[in-house]
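In order of appearance the chains are A, B and C, and numbering begins at 1 in each one.
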């Protein structure tokens, strides 16, 4: 259908104005755009609402305790006196312990997978390690209670005490539950993340860096440790932050093996408490608005900690993926 | 350069390289140890009663977790209903329509949401769905899980939509299809495999979550009719039984753990193999 | 296939040979890349390896410091003697200290200029007079004047040509007897290339060099001996001036007159 004469079509729809919008609307594309936009905006809404709720529902506690909340040791539901220190302490201690185990272990494994193993083996093992990352927290908790705790009580604890028992860090009675046990379980849970991200980052290091080191007469280990790993250092840091953020928020596995005792103790064998664990245990038992508000304030603190860490981790990992820091 | 030093360097080399291999295989061994423990301890206690009977009062043996299994299924159903459409549609928006600034904000917020500890999500769902009506419910639990489903689904949708080659879209548009029609009839079907797999993975992940259910679905020793009552769920039962003092309950916890582990691992295995080499976009 | 050997050239080579390669065959898995290669690389001279892409010259060069061992499934069959000793039986770390390598693209470490040059020294346990050794290497690489006030700066702050000279300084720092250069100027501009060729001229009194190059003019300018390879085989090897003016093999002539490659 073609015409050679140009005619002015008086019935042609206008290009702008409300009539045009309605026509485009009927075309369907605008609807699709609007509908999907609404769903996308819903995510913004949910997240803002989450922060808002955390903020509002903790106001009772924030008003009453102010900044002192962070360094008060007592957690006393009976007299309505709440302090976050034991939980922040416990969260940090268990996370640090877990990293001290998981980072060397994870980095070593990542180095093996990225530098030494043939590609097929490396991919296969990486696949299996990704499966580890998918295992639910409560499963790790179950193993923690029935495997790690007895192990701690009968083997690991006595061994450590025999060698290092003089230090306050390893003093006190060893019941099997406590900071160290929780740290060990957490380490197993976060090591897959460190391995997975570090391996990917190490694989992006240009091959000629390693070759330059080898050509100078370095051994394989020297080339790897002194040249390849430092090149990937930023991304590896990112993986550590990621792991830390996970460890901070872990609830079930930790609460099943930490002993659930809101005390600040020097010994790693002592029972303790983390933010996530106390919320899990006491939320439904919280009598009184102040109690609940204090727990929610703890939730707010946890949210902020993981938010900052995840943000940092993302910056570091993205920077490495873009070859950041190294002109190529 | 002395040969003593060379021998030292070579020894360090051999030791360190061996240690890295030990580390890698050690971590893999942990996986198999976990599987071994659960198959051994859980397999012994797994029987027909487990799947069909309700929990019995303490001390009586022969109870099962039928209500927990059904409860988990109901929660997953709700999570899918709430979370999958949001993730899908938002993913379509980001991949097909989004403007740069707004899309960046959405992506950033989604990542943020993904990183929120699940117990905090539980608090949120509590304040939205439990506090106002003053009772725990399946609905609240489904809401919590649904929120967690969104980020993973969104990531998968966006990445797989983007991976569809432009030539496909141009082909459709050249035939006169409008944008939404192109998306609905050409692009989405092309990306469907990856998107569905991503959805299944997100559901597999929330199936094992316990923390967000602790004060939303709460748990239940009996059947939970409808949607507005507290309900049992597999992870909740595992937790409750594991920390109890009763051997029979411990055995049941292992059995339930085995079932949960099997579901989660099989889903992950299946999905990852289906995705092949490319794998899932990392939902860090 | 005849390898031209003039009496004077033969005398030169017999007098002092650094590398003696006989019957070298190299395999990537099942695929053979070098076929029965026989070559003598004279001491304190520059030997250029030329040939079209894929002829095996880089592969061959990398067998001389066993860098090919970093690739899986490779096999070396034959004899490679460094000063009479087989390098295949030698400790590879020791070998690489004696035979250094400069790569096609500059690959300095993400460290300071000083630390880059000092790296080889440090891992080999030199201590003490590091400053002097670093300065000496940078002077040998004709880079000292340009960086002497900025040794702590990152190596990446240097231009491409400076980075490549830094890599040369780094390789020279451990005082190798041989320096292998794998197309070192292909990523560089003509001015820098000229600087590096000048460098090679000054270095050869103390260091035997073998350079793989795509650039025939460079081979003609900068080398004493040239070897022409094709499809993994050594076709011709002679003093550079003789090979370029009176090539013995028709394939050599075809290559250097630009009829292929």
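Here is the rule we use: a contact is a pair of C-beta atoms (placed from the backbone, for glycine too) under 8 Å apart; a residue touches a chain by one contact, two chains touch by 3 or more.
Just so it is clear, the model here is predicted, and its values are computed rather than measured.
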| item | value |
| --- | --- |
| Path length in the contact graph (chain A to chain C, fewest steps) | 1 |
| Chain whose mean Cα position lies farthest from chain B | C |
| Chain pair, A-B or B-C, that carries the greater number of C-beta contacts | A-B |
| Between chain A and chain C, centroid-to-centroid distance (C-alpha), Å | 49 |
| Rounded Å distance between chain A and chain B, as computed from the means of their C-alpha atoms | 15 |
| Interchain centroid distance [CA atoms averaged], chain B/chain C, Å | 55 |
| Junction residues of chain B - those touching two or more other chains | 9-10 |
| For chain A, residues that touch 2 or more chains besides their own | 219, 222 |
| Overlap residues in chain C, where contacts from two or more other chains coincide | 93-94, 97, 123-124 |
| Contacting residues of chain C [partner chain B, same complex] | 91, 93-94, 97, 123-126 |
| Touching residues on chain C, where the partner in the complex is chain A | 65, 67, 70, 72, 93-97, 100-101, 103, 105, 107-110, 119-120, 123-124, 156, 167, 170-171, 174 |
| Interfacial residue positions of chain A with respect to chain C in the complex | 118, 206, 208-219, 222, 226-227, 230-231, 325-327 |
| Chain B - residues contacting chain C, complex | 1-2, 5-6, 9-10 |
| List of chain B residues in touch with chain A within their complex | 9-10, 12-13, 16-17, 19-28, 30-31, 34, 37-38, 41, 85-86, 88-90, 92-94, 96-98, 102, 105-106, 109-113, 115-121, 123-124, 126-128, 147, 150, 154, 178-181, 183, 204-205, 207-211, 214-215, 218, 235, 238-239, 242-243, 250, 253-254, 257, 260-261, 264-265, 268-269, 272, 282, 284 |
